[in-house]
Amino acid sequence: MERLSYTLSAPIPAGGTKPRAIVGVVASGNLEVLLERALAPDLCTVEIATAAHGFAEIWAAVVADFVARRAAGGLRIAINDGGARPDTVALRLAQGARLIAGDAA
Amino acid sequence: MRDWATQKAARAARIAAGASFARGKVVQAADLAPFLEAVLRPGDRVCLEGDNQKQADLLADALAEVDPGVIHDLHMVQSGIVLPSHLDVFEKGIARRLDYSYSGPQAARIARMLYGGQIALGAVHTYLELFARYFIDLTPQVALIAAVSADRDGNLYTGPNTEDTPTVVEATSFKDGLVVAQVGEIVDRVPRVDIPGDRVHFVVEAGRPFHVEPLFTRDPGAITETQILTAMLAIKGLYAPYGIRRLNHGIGFNTAAIELLLPTYGEKLGLRGQVCTHWALNPHPTLIPAIEAGWVEQIHCFGSEVGMDDYIAARPDIYFTGADGSLRSNRAFCQTAGLYACDLFIGSTLQVDISGHSSTVTTNRIAGFGGAPNMGSDPRGRRHPSEPWLKAGAEADPDTPAPLRRGRKLVVQIGETFGDGNVPLFVERLDALALAEKLDLPLAPVMVYGDDVTHIVTEEGIANLLLCRDADEREQAIRGVAGYTEIGRRRDAAMVARLRERGVIRRPEDLGIDPLDADRSLLAARSIKDLALASGGLYRPPSRFRNW
Amino acid sequence: MTPAFEPEALSWYEGSARQRIAALVDPGSFREAVGPEERATSPHLALFDLPEQFDDGMIVGQAAFEGTPILVAAQEGRFMGGAVGEVHGAKLVGLLRAAKSLALDVLVLFDTGGVRLQEANAGETAIAEIMRALVEARLSGSRVVGLIGGRSGCYGGGGLIAGCCSALLVTEQGRIGVTGPEVIETNRGVEEFDARDRALVWRTMGGKHRYLIGGADRYVDDGPEAFRAAVRDVLAAPGRLDLATLDAEQARLERRLARFGAARDATDIWSALGVAEAQAVPGLSTQAFRAVALGRESAHDAR
Amino acid sequence: MTLAEILAGLFPEGHAVTVADGLILGHGPRPGGGRVHVLGIAEGTPLGIDGALALAGQVLAIVRSGDGAPILMPIDSASQRMSRRDELLGLNEYLAHLAKALMLAEAAGHPTLGLLYGRSAAGAFIATALATARLVALPGAHPEVMDLPSMARVTKLSLDVLTDKARATPVFAPGLDNLVQTGAIGAIWDPQRPLAEQMEASLAASHPGGDDRDRLGAERGGRPRAAAIAERVAAQVAGRA
């Protein structure tokens, strides 16, 4: 497992009031994202445990774009990754942000 | 005095030599190898029928059994290198030279044998190009073909998988070549005559159907959310604004997703009857829901598809069918239709470079191209107007007066920025170039040239290359939809932003598409079983695709 | 134009364990025990450098079903094939023990290939514990209903646990067995079982066959609404476990062996059950299948 | 120890236990009077639908008799029988039926005692020895879920790597000690001591908290988390009920 950790300042605070949300499944090419409302609303942390080694640069880019574009402020995010592609990672993160904001089940 | 009929005499000699193994035209399967030794000559150009679908497998196996001491240095001119025996003949020294189109399942082995020098390669063609050469400079002396049944006069019934057979026979038989057909059975009367018997010289009864690969069956269960997103982009961002009614789809999952989104997402956009009405397309099972929902007016097919025969026969308004009721396919005609009569080709590839060149060839796999380079090219000979063609032409060349301006065929590459195993779709340099250097080829095996490509669709958006005014803009437009690949991360952000303002790059949100809506529940069928149900039980998928 | 069929919005086969639970029980009623935020992950996967999942592929908790409290467990068939490891198994053990002490019914949403090899001894022991806890819950009056229709089927120890349930609901895609096709082929050869012949796999182990021979109690469509209706149905029936139940099951299994013990293929059995066109069974829609399945071997409340 | 030696040790005064088609059937006398039913598997026989049904029928007959006598289940089996026929006819139901019968017997007052004296694996192990309320073993017994070479194929790890890992943890590798550490096997009998005595002691051992295998696994270190997780789930569910 490769472990990566990012702390970013988040321009958009997460919506809703749910304490936590989880999306996705750890499988080949897939990942789970656990989001917990646990930080100051202008901060977001992302911790990743991934089976695919050597993709730190891509993770950093995906996470930075996510925090810049979506409502991620105040979230402590933990990811278990089964070697998902960046598009899948971005999609799950966005689904997680939507879920914790309470827009959809 | 010159003898003007040497070829006729040569064929007569071959027939005479073969006759000792035959009763009338019928040769026993057990005698095939010695029979072939009798009718073939060293150095012959031989067309062994086989494309990406049907295979003259019995004849292929028999050819691999002949004595290389007797028959050697054959020049194989065939559409597909698909069966192991297709390469065995080179390994054994029976054949030496090769001109072909497609080699999907043998991609790795053919690469090894090319590197090892066991095969002298002419070229990797597109189907139509190879067929054309059958009539000019690659005319077969012997054709080994496949059909469903034959009568004792050699009249052949090819069934739904007619495919290459008429073309191969036309080129061979009318230029004094010899035609040998394997058939599943010999009958008193064939259901319809696909090949007249006077063009067929020998027939062998295989006692079983020829092999067919279900290449065009895509399991909806394997379609991902990202593929659905790319399909939504294509429908809303290309099909709708250009009004694409006449088109061809590749065989990837992205285009299968488009087919399955028509009755749901497409319906919601009010596009039924406006797009996707006329097709050059194999009988894709994934198109069944759209056909059943009334989207499709007609489809001409290159070949058939395993399990689709009953469905096709029950939908003669949609498909081309014969007097017997079953599909009549024809690869050469359908490729021509795809080239001249379609306004859009959309397909996937393995690599795209920063000029937009694409290829499915990688260093260790030479899969060939099939029909993609043909359908994925702009036909310079086209003269009839259509709305999408004129609109694309205007985008590419706004300054030329309309009456003198060529239209453009839309050639779209669709895919995810990363493929299996996190391999990036976008590369600085195609593997095909390294291959060409290694094999000392004058041409790199490029599938679709950059100047033919009009759009690239990924989950990041659509790049409209028609609107790019120079190589720089092209490169940044491509980088702009290359996502998190290295190509994408090295984009010029400011220039990409300007291209987006001009509509050269359109993101999902620019088209009013929320990536979170790209859900599998949008698919009109989510499994092969759904397809079978949608067909009213007429589609009977092969066992390997079943989970019931 | 009316489509030939109208699938439910959520396919059970495709859905995740969490989606299945959410759609099965009363909306918003599920409360998870030892949820992902507790990060009760497998302590053994790291040894194999394999990724963990925060819930270890097993989701348990309580919910309401049509207003009545009920316990629910669901396996995530995509995480390690739904395989049973130490934590995964222990969560179900705990839930079943609670069912006994609280006198609640339990829904178990199976989706498993069996024991997780990387923690095989722990997984195998957990399966034995699950069966014990399940039977003890049943002996004290709880009903335990198994729902089978996931990607990984219900194999290995999962098949044995299913066999201990009060009632089993299965979809066409659902498979129930002990030894998976690949394992039979590996051990006995392709002549014994061609694992790549998927039609053979499904007619030997799939939902329709299990329903026809009495190996499952209800045959349902691939969606939560269909499962809800069937759960409602079986929860209305008694689910006792006593000597009479097992005597009846003994008789049922003896009769199956006597009637079909010499059958080579599922179609022989279906013909013997009075299905006119046995070959056509796999292609039948739910409605048509129910009609031809009238002569099936019933489970006779003997499970 | 051979089955004959074991039976002689358990029943010094003789017994009525026979082996047919790999199944052990019969009974023997207890020192203090009464009898012990003996049902089991011998000779490394795989357990299929026929064998499971025969054993279950015997167990149910014992319950019906109401004699309250314990059931001893000596096991030397292969895994479940792996065949198309067994799966076609629903092997899972036959194995589960046998397990349920054993647990019903225990509940009906027939103490059940498993005795692993040879090999056993997978479904056969779960449906027999692991379905008894107390499981003991004799040295030399070899329970396994899957042998290491097969496991190497499935996990795509080399046999060397797996063997190395097996040294680090009892959690996956075959072998008696590993199953003792997970708590699946309660005790190992001492073949030097009279077996009859040890059987009586095992039968007398009470289970105050019911199934204590996860607690044993925690104490012995083979399953560090199972007991705590099960307890925590039960407590959380009960706390909210």
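We just call them A, B, C and D in the order they show up, numbering each chain from 1.
What we mean here is this: contacts are C-beta pairs under 8 Å (C-beta built on N, C-alpha and C of every residue); 3 or more make two chains touch, one makes a residue touch a chain.
A quick map from chain label to UniProt name: A = Malonate decarboxylase acyl carrier protein.
Every value quoted in this text rests on a predicted model; they were computed, and no experiment measured them.
Novice: Of all the chains, which has the CA centre nearest the overall CA centre?
Specialist: That would be C.
Novice: If you tally contacting C-beta pairs, which comes out ahead, A-B or B-C? Let me know.
Specialist: More C-beta contacts join the chains of B-C.
Novice: In whole angstrom, what separates the CA-based centres of chain A and chain D?
Specialist: 46
Novice: Please work out the Cα centroid separation of chain A and chain B, and write it as a whole number of Å.
Specialist: It comes to 41 Å between the two C-alpha centres.
Novice: Where the centres are mean C-alpha positions, what is the separation of chain C from chain D, in Å?
Specialist: Centres of chain C and chain D (C-alpha means) sit 24 Å apart.
Novice: Give the residues of chain D touching no fewer than two other chains, as numbers and ranges.
Specialist: none
Novice: For chain C, write out the residues touching at least two other chains, lowest number first.
Specialist: none
Novice: Answer with line, ring, star, complete or other to describe the graph linking chains that touch.
Specialist: other
Novice: Tell me, which pairs of chains are in touch?
Specialist: Touching chain pairs, listed by label, come out as A-B, A-C, B-C, C-D.
Novice: Name, in rising order, each residue of chain C that touches chain B in their complex.
Specialist: 1, 3-5, 7, 9-11, 13-14, 172-173, 196-200, 202, 206, 208, 282-283, 285
Novice: Help me check something: in the complex, which residues belonging to chain D touch chain C?
Specialist: Residues 49-50, 53, 56-57, 60, 63-64, 80, 82-84, 86-97, 99-101, 103-104, 107-108, 122-123, 125-127, 130-131, 145-146, 150-151, 154-155, 157, 165, 168-173, 178-179, 181-184, 210-211, 213-214, 217, 222-227, 229-234, 236-238, 240-241.
Novice: Under the stated contact criterion, what part of chain A meets chain C in this complex?
Specialist: 1, 20, 22, 25-27, 30, 32, 34, 36, 49-51, 78, 80-82, 105
Novice: How about chain B: which of its residues touch chain C in the complex?
Specialist: 221, 263, 289, 292-294, 520-521, 524, 526-527, 529-530, 532-537, 540, 543-548
Novice: Quick one: which bits of chain A touch chain B in the complex? Just the residue numbers, please.
Specialist: Residues 52, 55, 57-58, 61-62, 83, 85-88, 90-91, 94-95, 98 of chain A touch chain B in their complex.
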